[in-house]
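We just call them A, B, C, D, E and F in the order they show up, numbering each chain from 1.
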Amino acid sequence: MNGEIYSYLYEKILKIGALDIYTQSIYMKKNRPAVKLCVICEEEKLSEIIELILKETTTLGIRYNKFLRETLDRKIVKIKTKYGNISIKFAYYKGKILKYSPEYEECKVIAENFKLPLKTVYEDITCTVNKYLESFRIK
Amino acid sequence: MNGEIYSYLYEKILKIGALDIYTQSIYMKKNRPAVKLCVICEEEKLSEIIELILKETTTLGIRYNKFLRETLDRKIVKIKTKYGNISIKFAYYKGKILKYSPEYEECKVIAENFKLPLKTVYEDITCTVNKYLESFRIK
Amino acid sequence: MNGEIYSYLYEKILKIGALDIYTQSIYMKKNRPAVKLCVICEEEKLSEIIELILKETTTLGIRYNKFLRETLDRKIVKIKTKYGNISIKFAYYKGKILKYSPEYEECKVIAENFKLPLKTVYEDITCTVNKYLESFRIK
Amino acid sequence: MNGEIYSYLYEKILKIGALDIYTQSIYMKKNRPAVKLCVICEEEKLSEIIELILKETTTLGIRYNKFLRETLDRKIVKIKTKYGNISIKFAYYKGKILKYSPEYEECKVIAENFKLPLKTVYEDITCTVNKYLESFRIK
Amino acid sequence: MNGEIYSYLYEKILKIGALDIYTQSIYMKKNRPAVKLCVICEEEKLSEIIELILKETTTLGIRYNKFLRETLDRKIVKIKTKYGNISIKFAYYKGKILKYSPEYEECKVIAENFKLPLKTVYEDITCTVNKYLESFRIK
Amino acid sequence: MNGEIYSYLYEKILKIGALDIYTQSIYMKKNRPAVKLCVICEEEKLSEIIELILKETTTLGIRYNKFLRETLDRKIVKIKTKYGNISIKFAYYKGKILKYSPEYEECKVIAENFKLPLKTVYEDITCTVNKYLESFRIK
């Protein structure tokens, strides 16, 4: 299958409401390199996603199974930093903040505007949050 | 495990009646690169395939699970092309042709005989089928 | 390094004028999965790209080498199809058309507008070009 | 996630009692290379391992499922070789020895002491065991 | 590119006289999984192989470079084993046998005829050679 | 080749003085998954490393080439943090600090002693350094 189709497919599958998508490189008989497309979705999206993949790709079949998931609750909060107010995604475990990460899309805009490496922006913001949270985090 | 064993193993597993086989590169503890062999088969072939893999490979265990599958019906039809009659695999979705592909093995023979790139042969035949089907395909 | 940085990095490297970029999964000592970023560029872009990568990523060093390349000449031509005029990229070998492909971005718009699988649009356009070229292609 | 964390994580997960761990390279949306961590464990270790992974990594969720396993019984026996007594892991299928392998850690010590390639030591010991077993192995 | 083309391509490239071929999974911009085809060949085969790859694949360009190689001399010798006379490939370093391996194709035939695991046949033959060579190998 | 040999090989190659080592998964003819071992070293270590790899592995040949490298100067400095004095590796570009990272081995010991996630320790120390450097870093 033409590799260019993936970004298109990803967009369409995410629009239906898939929780996550990824690909893995696999190797089939007769020395055929191939790509395994994996989609995580709620059960009620299943048939719509299967139909989409059957129509848009060259595959002749799709396998699926029910998995259990353990996920962290998430909340996005605006935090004041030296670059302005930034959205931070906080993840909770048993009611306490376990981890957090600045929203990448916002960091990218700042990196562009301030002409700084994205890594620097990301790190500076992370450290601002780190300072706020010192006393709250699960340790 | 010696990499040369795979083509032998593939043949034997397919002969038992597996639906599909592929490998994935994985990385284990202590920096060990390894290969994960994945076999898709009907339940009644399971024990024979497990026995074969345990005997032929170095593995000490095999994991398996039941998966659901959504597959397209397929039919192979001979279509007349400028290279002669070629087998085309048609795949159906809800009773209508959804996709099709020329049989590779036949295309290879033609590419050799006509001294053409296999890609050209494949494309020419695909376009012949495309023309026939224009009015029938699900759109 | 945070995986989210790659799309940002790709954009910036392509903006400088790199010819191509790709990543490969590698495995380092102490069971560390890592990503090798490979950039193909003309020599005069080298120092700018090196500086960018050193600044934006966590790497402590970059290796490079001169490679020879054999590339096909390309020309983009508008071809009339049932979906309208579409840009087709033709690639030439020793002055003759060797291959061609419709521009994906245009195919995507058509797929959306006509509510067709992208694969179908791509195939239909390819077959239109195939018909035009039958007599010209190197065979 | 910083790749250096894996060896640490592997150790901690194995200490809890996981049966096996491996990683796979995957590719996510927005060109993000990522690593999928797979752990095989008995059900009673599940919640402890999930908690560890949620705390130690950047992941926001873990998927799991019950798999069936077919494993070979194993027994470690000391065998006399020209390098001294070495532990050999024997694997049994339906009560008979099906395969065996010398313990790598012991082979490494011998390779160092005898200044031999590890491959040579491993092969010599394998052949010593091969000779012993000629009459017993399932064939 | 259709994955089925690889076995065909491998055969044709090897027939021209390439020393080795392999593929690597890579990831390109816009979430495109791709396959990098690597060919090792003597300089005088270069242009023929480049022409073949340009004609048979969808690639628009090929990169190449001169590498130095350090290879072991090899000699194939028939050795008498309990399965009959088998071809063994011996590899020499500074005039002495450094390693050896039975020819896989012959081992496959034996495995089929004797209804033994290929692994067992391979191991038995390796141990027969091991016994012969005990006194000659570099250690 | 038995995957268990890699950690042994890595150690031996690093002891000779290689600058870096990594592996890549590749796929060879006849459906053989394989591992490509890549070593970066100064020219004067080349022959010793080649000899080691030829002796310890099943390979019949090694390819090598001269690459240019652009690396950052590094200095390790002890920085006072709430977990005690920690070694921080600073990397310089044109005389200015460009990036830095705490030494993983020290962070691991702290994570164990303080019963904290390694990620938390690493982040806390990074933020301590971030605070010190705010005014010095290239931005």
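As a working rule, a residue touches a chain if its C-beta (ideal position, glycine included) is under 8 Å from a C-beta of that chain, and two chains touch if they have at least 3 such contacts.
Please read all numbers here as calculations on a predicted model, not as lab measurements.
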item: Target chain D, source chain B, minimum contact steps; value: 1
item: Of all other chains, the one whose Cα centre sits farthest from chain E; value: A
item: Equivalent interface to A-C, taken from D-F, C-E or B-D so that over half of the residue contact pairs match; value: D-F
item: Centroid comparison with chain B (C-alpha atoms), farthest chain; value: F
item: Proportion of interface numbers common to chain E and chain F (over half same, under half different); value: different
item: Chain B-chain C separation of Cα centroids, rounded to whole Å; value: 27
item: Centroid distance [mean C-alpha coordinates] between chain E and chain B, Å; value: 24
item: Mean-CA-position distance for chain D and chain C (Å); value: 40
item: Sites on chain B at which at least two other chains make contact; value: 1-2, 4, 10, 23-25, 27-31, 33-34, 55, 58, 65, 99, 119
item: Contact graph of the chains (line, ring, star, complete, other); value: complete
item: Touching residues (chain side chain D, partner chain F) in the complex; value: 1-2, 4-5, 8, 55-58, 104, 108, 111, 117-119, 122
item: Residue ranges of chain E in contact with chain C within the complex; value: 24-29, 34, 36, 50-51, 54-55, 58, 60-65
item: Residue ranges of chain F touching chain B (in the complex, touch as defined); value: 1-4, 6-7, 10, 23, 25, 28, 30-35
item: For the chain D and chain B complex, residues of the former touching the latter; value: 10, 14, 20-25, 38, 40, 65-72, 74, 91, 93, 98-99, 101, 138
item: Contact footprint of chain C on chain B as seen in their complex; value: 27, 29-31, 33, 99, 114-116, 119-120, 123-124, 126-127, 130-131, 137, 139
